[in-house]
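Shared chain: chain A. Partners: chain B in the first complex, chain C in the second.
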Partner chain A sequence: MMDIPKGPKSTLVRKFQEEEASPASPHEENSSPTNNGSTGKLTSTIQLARPFLTRNQIIHAHSKNVENQVAFDQRRSQVFSFLMKASSSLKFPARVLETSMYYYQRYYILNRFDINTYLDVAVTCLFVASKNEDTIKKLRDILALTNQLRSQTLSSEQSEIYRKKILNFESKLLETISFDFRNFHSEEFLIKFNKVLHKSKSDSYLSWLILFDSYQTEISLKLPPHVIALSSIILASKLEDHRASFKVDFKKFGCDEKLVNEGLLDLLSLYINSFNNTNLSVTHNDYEIRFMRIKVEFDESKPGFIKDIESTVLNKDEFFNQRDFSNGERRYMLESQKKRLYSEIGK
Partner chain B sequence: MDPFEARLQFIQLLETLTPSTLAIQKTISYALKNHELHEDFHSVILEKLEHLDLNSRLNILHFIESLITVIVSNNDQTEKPYIKNFEKDLLLIYEKLIPTNNLINLTQCVESLKSIEQKYNFDSRDLFEKFNSVDSKSLTNESNNDIQNLISNTENTFEKSWWFLILMKRKSLQNRVDQIQGMSEVDENPNYNFTKDQILSRIESDRERHKKFKESNWIINRVNLRVDREEFDKIWDQYNELNDDDYQDLQELNEIVNESYQI
Partner chain C sequence: MGLSAINKYSKAKKVGEGTYAVVFLGKQVQTGRDIAIKEIKTGQFKDGLDMSAIREVKYLQELMHINVIELVDVFSAEGNLNLVLEFLPADLEMIIKDREILFSPADVKSWLLMTLRGVHHCHRNFILHRDLKPNNLLLAPDGQLKIADFGLARSLGAPNEDLTSNVVTRWYRAPELLFGAKHYTEAVDLWAIGIIFAELMLRVPYLPGSDDLNQIDVTFQALGTPTEDNWPNVSSLPGYNDLKIYPEPSRQELRKRFIAATESALDLMSGLLQLNPAKRWDTEQALLSNYFGKELPVPTKPENLPKLTKKE
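Then we have the complex of A and B:
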């Protein structure tokens, strides 16, 4: 029996009373036991990581957290070029930059977009990405550089306060990603797939450039790394040879065709709408005209996409609810740990 | 300070050298402060390489590497001390690091040679590949004498050193093959058996060195803020085709996606 509490207290998860707890069905992922003892209401919430979301789940999340989508998108490209400058100066490899771009977008799935702090969030993302990618830089070094890039001069006292502020953002970011530190690298799959397909090194280089550009879009929020890699490879071969097919042996690469189509769609709209902001425009400037043709051909192939989730289901999904950290305890889990949770509830 | 005193202090520094950045920095600044004595100090280094144990010799090698880095990156000095002498005696230094039949320092020497030759703007990619390709099957292709001749006939000090490292790797492999086939006894040269303390300190130092290595092994230098071919080449060499573990990863990823979308 489910008991959804009313009132202002909104937690991320459904709650039900312990004595009535029954093993949750597969659709009740966000369940949590509630300690309804005599001491009052201590709520315990379970927060799942859910690292990938569908297109309309993202729109749904933004509708809650972003007031002005146009301004948000503008700031996002500003932040990405800022991150690119910072990570080049700090000599980080591409994967650190990519992870930080993912974190930045991830942050605004569950947190309200604030025009005053988005660059601080960006700095935090770079810092956390450098830790998770094992390319450690001290926060002081990162801040010294990013402050310079932002022409922000701080006294030593102010710097210290600012550093603490970033550390606060860090813990917020970590909670937002549910302490999910699994990082699969799309470039790893890209190289491996290219080698399986016996692609030449220069063809593979083109697909790698596309992959790098793809992080400017929401693709990393949506799709798992191997799908992004395969989409980039398909687009690269299409650019080099117009007879190439959109279809490959998807099973061989463990990819769902619909997801690959989603990836292709995102990549094509990136290159059609903002070719000049991409890395590819520097090295392959003459390719711009090819994208329109590929897009037409892609639409003609009648690609299948993942189905939109109905808004009633979305509205019920408590994952997207505003968080309330004021009371109770929170437990962060990866999806695969759910089974353990169910067995605990069963007792 | 009179040269004799300076020499004694320098010896003291070398003998107590550890892999920590602090200790190495201290020795470097001492060496640079007294750079007019660099001929003297060079002979001290060679002498110490002869007498200290293998762990300390490795510390000295890392000191040499860092010292070269500092001097080369310092542009305003017209006269660069130490640099010429190190180049001249590089082979000698490596011979001290890797005595016959003890290869404990070999991997570190390869890394350091790669980094040192860069400072002298020398590129030996093919020799490095040659080093990597040495295995028990390729032993019969060339004889050790050929390589020995190469070492004595080559002019370039870096090529000499590479051939020496190749030779050492071959010799050790040869030795191992012979032991497996029962053709030779296990050589127990008491000079190179480590005491327990030495082994422990080696573990500690290796850990420290690895930590330091990880601080910089990922560095990518980009021109114009753009990703380039060089960065790609590095990643390209990092991975092979899909293997069984990868297929398992792919399957797990797909499960994560399904759980994550919740559709």
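Then we have the complex of A and C:
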């Protein structure tokens, strides 16, 4: 379903930013018989899907929702290893795990991080991911296993309350992702790109390991799948052969060089800052020192990056405001329907 | 009832209730356009939002084709998910069952052409419908046929992915599904179209099996039992056992069963009803076949197609 975006992504992101602030703002209507809110007003919002965010947008969102970034990051790695265990015990394919990791990160772009419920959110993410990847399992079975992993014993009455709690999180998550069920998996691109580039089997495998590690970072919130795939391939080649170039025929792969550089930067920081937490460290333990050298060389090549959004614009962007999903109504559109939205607003 | 500040919709009356949704008729206030609102029930279900709702949103949001139902808007309000769809007052099953309507060969050709065009659009976007039947082929007031109900749709799986064979309404189920194949392709949709084509000519369901076992018997009695000769490796499929071996029908037998069908109509139908999915025609082959290309009559214009005589 996913097409490779034709134009450079950077302008796309900025354009969203500038144009979207107004349509995303709430429109208020006169009281309606269906609304019992104390204000007597029905809030109606239109939300364009924003599948990708910039670095500053993520920082901005976290500044609103996360009190302690260090604690948040720690919990995130804890959650990811919890999801890995749960997903493999439930025999879900890797893409369910990946989607659940993506949803978990996506959730805290718009919702407050709460130390008491983050594991419940993780369970919800796994549940919704299993639906979206066509490998649904009964919620009851998922809960039985995840409760066991968390050493959480519930009476049948408590289980029922807990199940309802998870379903509440489900509707919150669905609203958070704007009912946008397009999947973003990089593996298929990775395999095809490696083939086109005539990479050896071992180089391709290395890039696959890097790609899997990338889900631990915020890359999937920022970059489209084919860009992540290409960044992983470039880094893998560089690890195996220091003469390899940071540049490839980006156009051929529908990628913007600046976005690929963003991907490389994030991957390098992951391996430099927390090599021991990566899967690559298990199989390629001796590679740790290579990343520092590559980083130096990468910086020396004076890579170009996308121009990020200024904080003055960010502060005005109502997308990042606290949402109340319990009240009013929200209309969801994909960004491809933007033209139609603006033509409606123009009236 | 206001549904949005920009696009307002009115809900006029409830027209149907399914297991997971209630359907209302209404209007887009600004334009007066008729629409249908599918209100997805959430909450009371054990497993939250139904998969079929996810599938409908996922695929219809991105598909845009004259022969595929249009998803106009997606709303969330009061804990419910509302899908605003274009209003389609009739379906092909109602037309087939309406005994007062006579079909001309040109009418059948027109409906089949629109079905194939819609399905072709799904397939070129790697989407399998997996529940094609006359009941899911809806008819717009202007005669256009629209493929609806994407609750079982999915994107074409990766080669190593297992798919469930428990799809497609029984009478329209392809042999590979009857045998419980875990890997299948767009060909399952083309089989269903072949059965629908037969049903349009016969005016009764072509292979109405009474249960899953009987369906196997009915299917192969009419079209022959697949063997290793015409379908290599078919015997390795899980459901391939204890089969009665029926011969494939001769051309003459098919002519007798479908009296009104022309030779190129029979060619097309036989192409769509190839037992071996690898040999079954795809949408492109079907659309470029002589039946649509060279042979008269030309398909009836959608606006001139027969309409329901009875109004509910």
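Keep in mind that, in the parts below, the second predicted complex is superposed on the first by the 293 of 347 C-alpha atoms of A that agree within 3 Å, B and C clash if a C-alpha of one lies under 4 Å from a C-alpha of the other, contacts with A are read in each partner's own complex, and residues count from 1 in each chain.
Operating definition for what follows: a residue touches a chain if its C-beta (ideal position, glycine included) is under 8 Å from a C-beta of that chain, and two chains touch if they have at least 3 such contacts.
On a predicted model such as this, the values are computed, not experimentally measured, just so you know.
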Touching partner for A:59 - first (chain B), second (chain C), both, neither: neither
Which of chain B and chain C A:154 touches, first, second, both or neither: neither
Touched chain A residues, chain B compared with chain C: B
Partner chain(s) touched by A:139 [first = chain B, second = chain C, both, neither]: second
Which superposed partner A:306 touches (first chain B, second chain C, both, neither): first
Partner chain(s) touched by A:93 [first = chain B, second = chain C, both, neither]: both
Partner chain(s) touched by A:84 [first = chain B, second = chain C, both, neither]: first
Chain B versus chain C as contact partner of A:179, first or second or both or neither: second
Contacts of A:336 with chain B and chain C, given as first, second, both or neither: both
Chain B versus chain C as contact partner of A:244, first or second or both or neither: neither
Doubly contacted chain A residues - partners chain C and chain B: 27, 29, 93, 134, 136, 182, 188, 336
Complex contact set, residues of chain B against chain A: 214-215, 218-222, 225-227, 229, 231-233, 235-236, 238-242, 246-247, 249-251, 253-257, 259-263
Contact set on chain C toward chain A in their complex: 1-7, 42-43, 46-49, 51, 54, 57-59, 61-62, 73-79, 81, 125-127, 154-155, 157-158, 161
Partner chain C, residues of chain A touching it in the complex: 1, 27-29, 32-34, 42, 44, 46, 93, 127, 131-132, 134, 136, 138-140, 163, 166-167, 170-171, 174-175, 179, 181-182, 188, 325-326, 328-334, 336, 341, 344-345
Residues on chain A engaged by chain B in the complex (per definition of touch): 27, 29, 48-54, 57, 84-85, 88, 91-94, 133-136, 182, 184, 187-189, 191-193, 195-196, 201, 204-205, 208-209, 212, 223-226, 253-254, 256, 259, 279, 282, 306-307, 309, 317, 335-336, 338
